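Please read through the structure below; I'll follow up with questions.
Chain IDs A, B, C and D follow the sequence of writing; residue 1 opens each chain.
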Amino acid sequence: MGDPHLNPAEYDFIAARRRVEAKAKSAAEKLTSLEDAVGRVKDGDQIGVGGCLFSRTPLALMREILRQRRRGLTLARNLTCNEGELFMAAGAVSRVTTAWMSIGLPWGVSKILRHYVETGAVALEEWSHLALGLRFRAGAMGVPFLPALTMLGSDLVGVGGLKTVQDPYTGETVAAVPALFPDVALLHVHRADRFGNCQIDGYPHMDADIARAATTVLVSTEEIISEEETRRYPDRTVVPGFLVDALVHVPFGSFPHECYGLYEADYDHFAEYCAAIDRSGPAAVGDYLERYVYGPPTWSDYLDLFGGERMALQAKRAKELTR
Amino acid sequence: MTERFNASELLAVIAARQLRDDTTVFAGVGVPLLAAALAKRRHAPRLTMVIEGGIIGPEIAPGRLPVSTNEMRAGHRATMLPGITDAFLFAQRGFVDVGFMGGAQIDQYGNINTSVLGADYWHPKVRLPGTGGANDIASLCREVIIVTAHEKRRFVERVDFVTSPSWVRGDGSRRAAGLLFGGVSRVVTTLGILGFDPDSKRMRIEATHPGVSTDTVRQNTGFALLEAPRIETTEPPSDEELEMLRALDPERRFLG
Amino acid sequence: MGDPHLNPAEYDFIAARRRVEAKAKSAAEKLTSLEDAVGRVKDGDQIGVGGCLFSRTPLALMREILRQRRRGLTLARNLTCNEGELFMAAGAVSRVTTAWMSIGLPWGVSKILRHYVETGAVALEEWSHLALGLRFRAGAMGVPFLPALTMLGSDLVGVGGLKTVQDPYTGETVAAVPALFPDVALLHVHRADRFGNCQIDGYPHMDADIARAATTVLVSTEEIISEEETRRYPDRTVVPGFLVDALVHVPFGSFPHECYGLYEADYDHFAEYCAAIDRSGPAAVGDYLERYVYGPPTWSDYLDLFGGERMALQAKRAKELTR
Amino acid sequence: MTERFNASELLAVIAARQLRDDTTVFAGVGVPLLAAALAKRRHAPRLTMVIEGGIIGPEIAPGRLPVSTNEMRAGHRATMLPGITDAFLFAQRGFVDVGFMGGAQIDQYGNINTSVLGADYWHPKVRLPGTGGANDIASLCREVIIVTAHEKRRFVERVDFVTSPSWVRGDGSRRAAGLLFGGVSRVVTTLGILGFDPDSKRMRIEATHPGVSTDTVRQNTGFALLEAPRIETTEPPSDEELEMLRALDPERRFLG
């Protein structure tokens, strides 16, 4: 816990490329079950999580990781929401690499974040929002670092072990943001064909970079479209099928987080969740895990806990905001 | 402070006045977003808001204000959704004129802490949510304006942790650290407007709100403040400003 | 001519940022005439040209530059087609920065390229396709260089003055591709609103990066859409209005080059153009300039030389290919 | 060569056979694109073509073959259009298994010249179109396969200009130049298949086409060729291969 030094495996671009070279880059069908897809995640993996905060979080995939009782994981995500709290409370994660963690302004500083980090149970490695974005982008580009003008002069430099580099042209010293090559990328997208070609509406967040940076790419999708549909709008594809390892069809796969244009985040659920923590402390998250993660055998059973009416309301709200 | 408006309203109105037309502003959720929206409606129609969730040119939906910079509400009627990394890269390239920021702790050089209270980062006394986009806004915008309540526990001699650097330790130390551009120009508070001495880069009083004395400002600040050659008194929020502002947040989600 | 050294102005990211800082980043209306838009181009400017080869070339804007008799320009474009030949023959350009120049496989090596470069009249500065793309991207990102694994071990290194940089994390030496900050970007897009928010269908090419890298951005568009339309599909916008200086409504603004989904490139026109060069050598381009550039006063008069039937045929062919 | 097929058909068929299923291939227009399309139709249905214009997974429209890598015809029924820079970055990351290349001049280490003939780059005897994507394909793909007519003027001891490096000067010089991955594995020509000695990285004969002797290969090569321990004879194009190939280019735009 709390080691301020970068793990060389995170930025070793040569090893990361060899892993990709060794993989089949296939245009085969990728559709499978949540259980099978998530079976590819190993204890100790570094996981790059798509979406941002409570937007397009791959919750169905993440829930399944918890159900499969993985341990010693690192979660890397630009803004971390209550999915990070679930991983902390479940004992699944030993390190969170992020720029910010809590749920949102109305619910204040996360008490779960405070509990697990202040006790030293989980290390919170903090990078600036852009720096973490550039870490994924460097990984996506297959280079060991990207130059940047951010994060310098701050105490964040020491937390992550950021180095500088001298520009060989002007002689100026700039930040050298190290690549991050996750073992696994988890994405939730709006639509994909059965070959894994993925399309996203609205905010792209960092998903395309995370997918390219990772060795193994697991995707859940709201909708399965035909190959014809992909080929009709190829300029909408953001992740090509050949780099996807497993694809799962999971409508409402981010709920109660949002999916742009399809359903809004359920603020009321966040409020209930936070109220329980206010009442019972971290133990409330244990109860939540039992009720929402370990209890319901399938994602459909999980969604039943929210109920169709609530989901329909959030869908209506999303349409109002984006039409 | 009079009873015509509360602290959040005062901050939003004074912050809005800092924005000029034909510019771009990086605004977070809450009071900064309301300030930017107010400026655009009132005096800067060709202002473009940029939100760190990867949003350009959104409009505010009154009654549906976002609580995060990365959700549908923040991008309502946006003109572009470039993604988070690219939104910040616009700032790195020099396309963002002003960045609004807040912070749990602010020191005399304008540096901000939103990470940890206590001396040991890895075992903090209080773990705060972290930088989010604040460090990048502080590093990359052409100019940064801090908007915050003025409290002694917030304005500290030395922040526990520099999450977002402004003038670092003064005397060219920002440039020496590799931050080639920008820096905090003003701190808009509930008591007045602070700036920085051009040479030492230490914080100074530049204006006070009506009825606030410089002594009151000092009493609410945890370090010695310099004074500008001439200290102005701000114009209080006008009825028009307050009316337009309140229309943006009818539920008073952020105006309190 | 033929100086192999990089001009520091190309990669000086500090000066480039100061130029952008000094500009108004306005959400004002940007619509104007070709003459007014192109009036912003000065002799000696470095010009980044959008599109690629004969796809989405900003020909209407480029024709106007020739009509305004600019001199000493540098054209930077990843693949350069016959628009580069026109600039050479008109005496407008002293340097072309590119990865490839000719029209296409069936028409062989450009005789105009050969004439002007072999005689030393124009310097052809050759970068790899990716390297030139990364030069624009570095510019777009506001950094002086980007690390890459390409172009090393080749004689191209010496042509452009490519340097290397040591990765501060792994110690490996990688290419450091210098930024390119053009004075002017020229783009032709599918649609834009009057505030300059631009959308592109099909191939994005390098337009978004070129626009961000440049100081002055001039755009021609096939269609003007309402602001409502922009706000309905914000995820389609690739250039935000605040960085556009001038916008011109020019249907068929790339013709006889292609515009994805709207009209196919006119191979027959290329064949006629090349046949004239085969007959008369470089003088044929002089004739072409008189007939197509200096003669017709407006773009509409220019299009009349091709005729509505030909344009309709190319439009039909585009639809067949992309529907 | 028999009369059942011409040189372009032979090259396309032999090149197609080099591609395995469940892989990706960077293919330029002309014979390489036909070879990739043939492989996909015949034995590698899960092959993905990547085209440098920024195109992934296109299909060939017989009778509407592209003449450049950056036009609508090249992207017909593509599954993704990521842009040029990003297409190459996929290769840089390691996602492209095989790259096809041609060239005006090829030397004994597989280096290619498509830039200039003559000694002075800035005042060349003949200015050629330039690298296009060739240098990047040579630098970044996991493996490169050169496909070319076998002519003595083309296979030269030393190219006038190294546009696209393969093994540079042999003996680890590729790695020393900073090219950490890839390199040319095979050269498919109208006379046979050439490879490289594993140690010296000098070109060697690995197979000849039916009826072609190693002497003929040598006579058409401008430098001394090594020989593989065992020299194979290639299978001539089958009727099935030729039929499928010809269906892709009914106008014989590239098959001649």
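Please note the rule applied: a contact is a pair of C-beta atoms (placed from the backbone, for glycine too) under 8 Å apart; a residue touches a chain by one contact, two chains touch by 3 or more.
Keep in mind that what you see is a predicted model, and the values were worked out from it rather than measured.
*Asks:* Using the touch definition from the top, list the chains contacting both subunit A and subunit B.
*Replies:* Touches both subunit A and subunit B: C.
*Asks:* So the centre of each chain is just the mean of its C-alpha atoms; given that, what is the distance between subunit A and subunit C in Å?
*Replies:* Measuring from centre to centre gives 37 Å for this pair.
*Asks:* Could you work out how far the Cα centre of subunit A sits from that of subunit D, in whole Å?
*Replies:* Going by mean C-alpha positions, subunit A sits 39 Å from subunit D.
*Asks:* How many angstrom between the C-alpha centroids of subunit D and subunit B?
*Replies:* It comes to 57 Å between the two C-alpha centres.
*Asks:* Of all the residues in subunit D, which ones touch at least 2 other chains?
*Replies:* Residues 75, 81-82, 89, 92, 180-181 of subunit D each touch two or more of the other chains.
*Asks:* Mark out which residues of subunit C touch at least two other chains, giving numbers and ranges.
*Replies:* 14, 142-143, 148-149, 164, 172, 174, 202-204, 234-235
*Asks:* How are the chains arranged in terms of who touches whom: line, ring, star, complete or other?
*Replies:* other
*Asks:* Let me make sure I understand the interfaces: which chain pairs count as touching?
*Replies:* Taking the chains two at a time, the touching pairs are A-B, A-C, A-D, B-C, C-D.
*Asks:* Can you list the residues on subunit C that touch subunit A in the complex?
*Replies:* 6, 8, 11-14, 142-149, 163-170, 172, 174, 176, 178, 201-204, 232, 234-235, 323
*Asks:* Which of the residues in subunit B come into contact with subunit A in the complex?
*Replies:* Within the complex, subunit B contacts subunit A at residues 29-30, 52-55, 61, 64, 67-68, 70-73, 75-76, 81-85, 88-89, 92, 115, 121-133, 135-136, 139-140, 161-165, 168, 173-174, 177-181, 253-254.
*Asks:* Within their complex, state which residues of subunit A touch subunit D.
*Replies:* Where subunit A meets subunit D, its residues are 14, 16-18, 20-21, 24-28, 140-143, 193, 195, 197, 212, 227, 230-231, 234-235, 237-238, 240-243.
*Asks:* Given the complex with subunit B, which residues does subunit A contribute to the contact?
*Replies:* Touch residues, subunit A against subunit B: 1-2, 4, 52-55, 78-79, 98-102, 104-106, 109-110, 113-114, 117-118, 120, 123-124, 126, 128-131, 133-134, 136-137, 148-156, 158-159, 164, 172-175, 202-206, 209, 258, 260-261, 264-265, 267, 318, 320-322.
*Asks:* Okay, in this complex, where on subunit D does subunit A touch?
*Replies:* 21-24, 45-48, 56-57, 59, 75, 77-82, 89-90, 92-97, 142, 180-181
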